[in-house]
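After this come two complexes, each holding chain A, first together with chain B and then together with chain C.
The block that comes next holds the complex of A and B.
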């Protein structure tokens, strides 16, 4: 019986360990998505260098690829944030595309290390059908 | 209009059939008499009619249906016009209903062969589930609505009544570009749905057994084949999804712990645990309560997965309320959970007599470990998937759980699973005589370590690669060793040559060896993942026509840009010649496709597959002067696809076992006596 109790305690230990690990890892790996308006509103919560994801549209006329790194503005219709992209641009990157940027604040601009083009969502969304869902 | 009427009539018929099955199934289960064949036919015929109406409308470009008007365009080529039927929400629920009708039809046929209360009760549960899904189609997810106000492209307003005045647009926008970019996307959803929906069968038998108070593993035995069929399709569906992502999404990966992917992986983990623990109950009468819990979990996770992928909740909890489908599915999920567990709680008498484990060093002992690990694994994926949703629901913050979270926990759990995967098959039921375990695992452990050292010396010293090869060799050689041991024993006992006996060993216990085939499939996947993830090369280059660059042993020459106008898309791409030394290897055309009004192109990689791995070229940007290319290699990535197919194939092979069927019949005859 001692053997069985040992095994049961072992099982309980493993489960507790994994649940603990799960919950602690969760906090470390959680990134926030913010639109420019939210990012500016919550500027105090995200200090320089503290990573989050910025979602918005590349402002037409703002893209500058003359320097070593790409710079452009991102907007959500309300606020606009100047972005410097230190990583490689995504495929078919151009003005007017919706983007998702990973990076952090540096003063008044956002330094992105990674950029993704956000396609009009994937096929799962009901919004995709457009008007007829909102009848 | 005709098709709207026909489709709606089909849905109504299926709804009626499902309702009748539920009511009459309960009556029969309680000892009454009623016909179940008729309603099952009505359900199947209605579901087929609905799907047929949708397909005909798509193929015939009937834009009077708002679904067709918003998801299809006259330029959509075959087979994507057919696949558009499940490319968006409303149509995919019709497919769900059709698959459910098919599984219900098979359950009714089994009921006909062995008409008893357990089978009738299961049919009633399936009828109830069918009522829910066809009810969804009729109310909040109706692809047969007619367009009453047309836009230039697509439909602005629609009505669920087929007799409404139709205003059909002349053209639609076509399906989502990502879905018409590759043939795999046409087959991936139906295959996945066969897996998802098939899990209704064991759930239905479990609920029937609980409600009727039928003791023992009879419900597992009856639904065993359906579970395996569903599991095989689910496995294949997940692999096809990864393959599609790799061939289409052009980031060079196949799995990103995306909620959509997790939605299919969570029920897979739970179902895999259930297949193993179901075996334990059949052989040792243990884990009775646990099996009920697991099968309820499997079914609930398929509903959760449908909810996650079909309600728009993943993008934002706020889009949840834009369509009534989200609340409906969530409500159904709660109903399933509360109903099943309440029923379970009132039937503790059924599960109170589980015998205890004789020894943990036994087949059932290793299955317990496997179940514990798979459950913990499922828990981790579940937490990572729904935590952002809960957080957003309560705080309004939009967040994402990163891949490192999943990898940090999933990788060690996977290797622990492999550890027990090597022990389970070589251990006998009940307990192993002292020394036997060591005698059987000694060689596999030695071979695994040798393979690991060899890999470290001659292939790569990267830890995960070495570990993957070590564990893969350990598991595989354990299985091969067992096969050799049994064949040799038969041969020595006056049988024929060892090779002939080997065939007999396999045929005699096909389900066991089919399971081992799935195990080998899993380790092949693990090796593929380890190599592709750790030994890939990456580069980014800008080339002008005629330029050449060296990459991972290849010479890559940019020949010229090209542009082609196809009926449904504009294709821009680069012609690239790949050389090895001075020898021509292949011409590749990484490209960008522009569909309809969508100005953001969809990049399609060009993939060159070789036994040692893939060369993967993606267009970053192209104009008349230069091209920006992303170059990647994915070593041994084909092992992921092959291993996945082997894993699913093991399940299918197990189902096809005639002997198993006979053995089951024998067992149930004994059980009836």
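The block that comes next holds the complex of A and C.
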């Protein structure tokens, strides 16, 4: 019957859409971002100038905003990579925060074109101090 | 006061209390005042998930009993769920722009699956609008209502299954990663939004019942004649 076929195609279409979009995100997410240890391990896969995302924490004491661009180090507790950020940092950017960087290798440093604050699931009041100090 | 009016009064009071707690709890050390958005963002998606779950239950109940009250429940709840999904997405984008530095990223699986869920339920509403016959409408939307609910665990666990920009859960079986006062404020708002959901659902089901009753009224013969508009008549 015509209406049953319509319903079945409609359902199949919706299911295909959901699965397809999920798999596409899954595909992207296999390399959605790399931590410094992984980025160094996979250095051969990403040549100079080949874009990928790097996630890590800004090393306290590494931030240098004296030049034209911002330079700092990011770490995942294991490996550390020197980063240069071309462009303005996000408003909450400071030392000790987790960041997600979009950019590429240039030799042993990472040149970032975009930086996002990668806020994790932890919340703290200013009195608790912790990783985030109240400005 | 009717039942629906009483429910809305309770919802208004609950939301008021929730707002008080939202603005009187201590803000997060890193995000500052932006952390307060969590008191709208999380309760909105909580309501959306509950609403879509109710839609699935109503859909199954209709498929088994074919009683139109279950279809009205499913459809009314889906409408409200879609609304709160939209509010959740909007507040999320406002927060993302402020805290992440970017309002949206399709590469993040939590964001992508939530957006797809929103569009699928928009499709549910469109499907109902496009199907005039009540029985066909109920049958098609109940099938979609059952299938689409699979997205809820997909959306919720997306942050655990994939690497995402969106953070993982702050409330877990072994405790929370929020200070107690923030957690309490968020919990109160979840309750307040739930009361609002119940009020909206009751009101929407009442409207749906009235629509169904009106649609089943016997038509008058004179319904077939349309009187001319005033400015269409040449000599009055």
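Methods note: the second predicted complex is superposed on the first by the 88 of 135 C-alpha atoms of A that agree within 3 Å, B and C clash if a C-alpha of one lies under 4 Å from a C-alpha of the other, contacts with A are read in each partner's own complex, and residues count from 1 in each chain.
Here is the rule we use: a residue touches a chain if its C-beta (ideal position, glycine included) is under 8 Å from a C-beta of that chain, and two chains touch if they have at least 3 such contacts.
The structure presented is a predicted model; accordingly, all values stated were derived computationally and were not measured.
With both structures placed on the common chain, the touch criterion links A:33 to chain B and to chain C. In the superposition on chain A, A:68 makes contact with neither chain B nor chain C. When the two complexes are overlaid on their common chain A, residue A:21 makes contact with chain B and with chain C alike.
Of the two partner chains, both chain B and chain C are touched by A:92. In the superposed model, A:115 makes contact with chain C only, not with chain B. With the contact threshold set out at the top, residues 3, 7, 11, 14-15, 18, 21-22, 25-26, 28-29, 32-33, 89-93, 97, 117, 119-130, 132-134 of chain A are in contact with chain B in one structure and with chain C in the other.
Looking at the complex, you find that chain A touches chain C at residues 3, 7, 10-11, 14-15, 17-18, 21-22, 25-26, 28-29, 32-33, 89-93, 97, 100, 114-130, 132-134.
Of all residues in chain B, those touching chain A in their complex are 66-67, 70-71, 87-90, 145, 147, 151, 154-158, 175-179, 250, 260, 309-312, 314-315, 319, 322-323, 325, 356-357, 360, 372, 376, 379-380, 383-384, 387-388, 391, 397-402, 404-405, 408-409, 413, 540, 592, 598-603, 618-621, 630. Against chain B, in their complex, chain A makes its touches with residues 3-4, 7, 11, 14-15, 18-19, 21-23, 25-26, 28-34, 53, 88-93, 96-98, 117, 119-135.
Those residues of chain C that touch chain A in the shared complex are 26-31, 35, 98-102, 106-109, 112-113, 116, 120, 123, 127, 136, 139-140, 143-144, 147-148, 150-151, 154, 162-165, 167-170, 177-179, 181-182.
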